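Next, two complexes with chain A in common: one pairs it with chain B, the other with chain C.
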Partner chain A sequence: MKKKHNNNIITLFYVPALVLFLIFVVYPFIEGIRISFTNWNGYSQNYTYVGAKNYLRLFQDKNVRTALINTLIYGIGSTFLQNVIGLLYAVFLDSKFRGRTFVRTIIYLPVMIAPLVMGYIMYFLVQYDSGAINDILAYFGRPPVDWMNSGPRAVIIMTLINSLQFVGISMVIYMAGLQGISRVYYEAASIDGVSRLQAFRNITLPLLTPAITSAVIINLIGGLKLFDIIMALTMGGPGYSSHSLSTLITNQYFRSQNAGYSAAMGVGTFLLIMLISNLAMHYFDKKEVYS
Partner chain B sequence: MIKKKASIWKYLLSLIIILIHVIPLYILIGVAFKSKMDTSSRWVLPSYIWSDNFKNALFRGNMLLALKNSTIITSIAVILITLLGAFAAFPLARRATKLDICVRGFIMGVMMVPPLSILVPLYSNMAKMNGLSTYWGIIVILVTFQLPMSIFLFTNFIKSIPLALDEAAAIDGCGPLRTFVHIILPQLKPVIASVVILTGVNCWNDYQFSLYLLQSPKLKTVTLAISSFFSLQSSDINAAGAAALIGIAPIVLLYLFLQKYFIKGMVDSAIK
Partner chain C sequence: MIIMKKLLSVLLTLTLVGSLCIGCSKAPEDNGSTSETKTSKSDSDKDGTTLTFVQHMSGVITDELQAVLDEFKAETGITVELSSPGSDIEEVMKTRMASNTLPDLWTTHGWSVARYGEYLRPMNDQAFVEHIVPSIKDLITGPDGNIYVLPIDADICGISYNATVLEEAGVDPESILTWEDFEVACEKIKAIGKVPLFFDGKDPLAFGQFFDFVAPTLYTNDEENNQREQFLDGSFDWEKWREVCEILERWTANGYLNTDALTADYMTACQSLGSGDAAFMLRNANVIVEAWTTNPDAKLGILPIPGKDSDNSRCVIGGERLAVGVWKDSPYIEEALQLIEYLSQPEVCSRLATVAGMPAGLDTAESDTGKLEPYYERVMSDDILTIPYFDREYLPSGMWDDLCVTGASIVAGNEGAIDDTIDQMRQSYEDKMAQK
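For the complex of A and B:
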């Protein structure tokens, strides 16, 4: 009897958190679905329900298509780069040598910098006039390049910037994963005459699956949400060519006063990110091995 | 002999990696310490120290005010995130009623909601609640979106504390609140460090929420102040660089001194 009483009291412990989630996540989420069926402009008292018009428009809007493709490049491109480079770094730093902690410190350092500020710092490098990269070109007698004036090139550059900034995250996850693999496996393998590359493929990678899962999901969610770097470097331009879905949502709401349409875009973005991250989790769940 | 050769390669490789990752900071430092009139290449560090940029950033660019705002917002938010997170995690780690399982699933779901996908209603609700351009408005939103990670970290950690301790406390007549405060809380130090560091960095570096929720110039945070510097950059790009350097310095310095904890926090939050 006493026990039961206690159990009910500790339920109260998560009530404050739940209240916050209800007011600032669940309610806005439902409200967002409602707004997405209206033609609300964001400030007026009057608006009408327009049915699925906003959603139909999503499929016809050229800018949405560009933003969708860019979002996938930002998300999948960064995830790929961060995991491949992160894993290489981790394997490299897993070998013993003096000063490897220092190397790790430097690689992880940019993770501390606000992505917005990283974007601005990179502006000093990719700027047309006196940008650091154009200075190098000039040194070799090449004409300067206006790096961010083409949408696709800007998207690739920003994917690279995001990857380089956050590669430290997957690196430290993989380092922890590598430390968790027992040396016994490698000793057994070397007795059997297995090459180091084979050992990496057949021992390291499978046993690293939980770490790969975490790193991929974290990078994927981060990349698909990319916002700050774009705001710092291109604001989605030139035109609409480097927008991600996140920046396009804010652009439609605050600049074009299409709150209803922007809300529909929000619902779509939510579904897309949920779908992609669940697919990724499902894929890795099946691959998990138990050591 | 072979061993020695191998380690030379390692140092060479290390050097290249370090150079690649240090370039952005190197360029930033160069810009921040150069005079406006200095037209030398960004790759060249100045041979003098030009402190006017920092004076401009701090006083004319309001970085001083921004540092104050960011400090207030980040510290209150982090205290709430830690407290609410630790409390919420206790029942989730110690029981598994149907309700608890639902709540746990719900919180994982919240973690995955991309904040900008609910921007429109979030912003308009905040406007209705008079929460725009207020400390509490931004704090409450930061707390909400950082809480799931805090709960996740605390839950995993409390699960590793032997249940026998709770039971012993219960036998001695401790209620759940006292058990939590006297038995569990004192053991949470390592995970509190992780939570404070991870969510603190996120709050300090936040831009997407502050940009829309804080429109009064008086409430500008570090990221907002830096961004207004860069949008006026044509006038003084060196002061903008100084502002950026001032804005990232507190976190970077903390990281350099406490990097072990920063990295441990990241790994704990990533691996179950």
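For the complex of A and C:
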């Protein structure tokens, strides 16, 4: 009886968070769905319901297709790079050596920089006129390159920048995962004459699956919603060629004054992120091994 | 466990996208809900009144405006809370319009009639109206004859150029009467190894400016043969838009643009103009003022926009810039009008226009535009047309971005860029007209 009473009190503590969640997430989301069926321009007091027109347009719009492909590259590309590099860093830093804490801090440091600031810093690296990379090329007698003037190249560069900025998160997750693996397994494997590479493949990786699940989902969502770096470096250009769905939604809402269409894109993006993150979770659930 | 994870996944995605959808907006309300204008407080209550004022400019003008508002407070006891969102003004104002919670006063950055007209109190009964300079009076007058803003300065926008580069290339700026002459000049400039035309395309508004400069000369300036009505009533054949796109494509192919036309930023552009690396920029005198900060000795000037052919005269683009309007539903209308009256005083208006580096918007005020004065006098002479910004006058609100982005696609050399541009302009025009 007392336990039930305690549970009720504990449930009460959820209420403030739930109320905030309903006001700031659920209500705007439902409103977003409603607006997606209108031709609202984003500020006028008048609008008309247009049925599923905005959703049908999503399938015909070349710019949405480009933004969708870019979003997948930002999301999957960043996830791949952050996890591979993050795991390598974690394995490297799992061994004891002088200056380990310093190296860990340096790798994690960019995570604390606002992505917009990171974008502006990187602009000085890749800009055509007086950019650091072009200055290095000039030193070796090579002509300068306008790195961001091609959409596909800009997408790759921004994926790399995003990956390098947030690789510290994966590193920390993997370091925590590695520290949770008992040394007993390695000792037993060593007695059986297992090489370090075999031990990594057959002991470390399977036991790291919970950490991989967390890191992949966090990185995937971060990559799929990439926004600030794009705004700082290309503003989605040239044309629409480096837009992600997030930046295209903002562009359509505020600059093109297509709030209804933008809301339809938002709903589409929600479904996409939900689908991809669920698929990833489902995949890793099957792989999970507990030590 | 799995259910919890799925729930977690749904919540995460909801959080991410919910804010993107409409997090910053409020649903539009019915027209009938517009509140009536409330009465203002009596004079004795004015101490303690705070007006909200949103303005779009940045740099020294912001400091000067704040100083003027402080003096206004010392004189009247009315506090003015100045907010300067800079380039985010569009987002800020659209969000506030959506929720119908506008500031008491704001600068209209070129949109006093087409976008903000329905939210602003007409100023026709104010004393300053009869002193608005003729070059912009028509441009800020709505179809109903209403003027909604106090124009502190007048935007006069022509082609900014570096006179030293033109001299070196043997180009007389006064000889550039048509776009053909302009292209001849570009060839000569290219021949001496300089960049004829600099675009700071990192922000694609540079390409929107191209259309604002060139499109009127092709479609709307000619008194006898123009497409003005067609643009306004929606019957314009967008296939004709190909002509202006082809000019941009030709200039790109001919190498008149800087190599980094798609990625250069504004400061790089100003430096290039100031240092003499580039000859022309399709921008107003702001770039010149900025270029002088990097090279004070640079010989820079303003050129009228060439005509389509020798039968068409040259033009400059005019309009509002630092123009202040009052929200028609403001609870402090009387106080806001008091501020408008204060700002329209010749000495205050002169101060602000001088700092803005533009001619004053009222004939009672005089702006010291310094080294640019002879150029302003020249481009405001009778043989030069003053035209409105093309997109503000002939395109529905919201199409500016289409001009910017499609221009960038053409310069990027994307396959089928011109066809795509025509399709996008047509589609966007129809969408925007349907929103009205």
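Keep in mind that, in the parts below, the second predicted complex is superposed on the first by the 279 of 291 C-alpha atoms of A that agree within 3 Å, B and C clash if a C-alpha of one lies under 4 Å from a C-alpha of the other, contacts with A are read in each partner's own complex, and residues count from 1 in each chain.
To be clear about the criterion, a contact is a pair of C-beta atoms (placed from the backbone, for glycine too) under 8 Å apart; a residue touches a chain by one contact, two chains touch by 3 or more.
Keep in mind it's a predicted model, so treat the numbers as computed, not measured.
*Asks:* Once the two complexes are aligned on chain A, which partner has more residues of chain A within touching range, chain B or chain C?
*Replies:* The partner that reaches more residues of chain A in the superposed model: B.
*Asks:* Considering only the touch criterion stated at the top, classify A:210 as touching first (chain B), second (chain C), both, or neither.
*Replies:* first
*Asks:* Go through the superposed model and pick first if A:263 touches only chain B, second if only chain C, both, or neither.
*Replies:* Both partners.
*Asks:* For A:149, using the defined touch cut-off, is the partner it touches chain B, chain C, both, or neither? Pick first, second, both or neither.
*Replies:* A:149: touches chain C, not chain B.
*Asks:* Taking the superposition on A as described, I'd like to know which of chain B and chain C A:17 touches: first, second, both or neither.
*Replies:* In the superposition, A:17 touches chain B alone.
*Asks:* Tell me which partner A:110 touches in the superposition: chain B (first), chain C (second), both or neither.
*Replies:* A:110 sits against chain B, while chain C stays out of touch.
*Asks:* Touching A:172, do we find chain B (first), chain C (second), both, or neither?
*Replies:* Touch partner of A:172: chain B, not chain C.
*Asks:* A:238 in the overlay: touching chain B, chain C, both, or neither? Say first, second, both or neither.
*Replies:* After superposing on A, A:238 lies in contact with chain C but is clear of chain B.
*Asks:* Does chain B (first) or chain C (second) touch A:72, or do both, or does neither?
*Replies:* Neither partner.
*Asks:* Have a look at where A:45 lands relative to chain B and chain C in the superposition and call it first, second, both or neither.
*Replies:* Touch partner of A:45: chain C, not chain B.
*Asks:* So which positions on chain A get touched by both chain B and chain C?
*Replies:* Common interface on chain A, chain B vs chain C: 21, 24-25, 28-29, 31-32, 35, 42, 123, 221, 224-225, 246, 249-250, 254, 259, 262-263, 266-267, 269-270, 273-274, 277.
*Asks:* Can you list the residues on chain A that touch chain B in the complex?
*Replies:* Residues of chain A touching chain B: 6-7, 9-11, 13-14, 16-18, 20-21, 24-25, 27-29, 31-32, 35, 42, 89, 92, 95, 97, 99-100, 102-118, 120-125, 130-132, 135-136, 164, 169, 172-173, 176-177, 210-211, 214-215, 218, 221, 224-225, 227-228, 231-232, 246, 249-250, 253-254, 259, 262-263, 266-267, 269-270, 273-274, 277.
*Asks:* Going by the contact rule set out above, which residues of chain C touch chain A in the complex?
*Replies:* Residues in contact with chain A: 2, 5-6, 9-23, 25, 27-31, 33-34, 90-91, 93-95, 97-98, 100, 201-204, 259-260, 262-265, 268, 272, 397-398, 400-402, 405-406, 408-409, 411-412, 414, 417, 420, 428, 431-432, 434-435.
*Asks:* Which residues of chain B touch chain A once you look at their complex with the stated criterion?
*Replies:* That would be residues 7, 10-11, 13-14, 17-18, 20-25, 27-28, 31, 39, 41-43, 84-85, 87-88, 90-92, 94-95, 97, 99, 103, 106-107, 110, 112-125, 140-141, 143-145, 147, 151, 170, 175-177, 180, 201, 204-208, 211-212, 222-223, 226-227, 230, 237, 240-241, 244, 247-248, 251-252, 255-256, 259, 262-263, 266-267, 270-272 of chain B.
*Asks:* Would you tell me which residues of chain A are touching chain C in their complex?
*Replies:* 21, 24-26, 28-29, 31-36, 39-48, 62, 123, 127-129, 144, 146-151, 217, 221, 224-225, 234-235, 237-241, 246, 249-251, 254-259, 261-263, 266-267, 269-270, 273-274, 277-278, 281, 285
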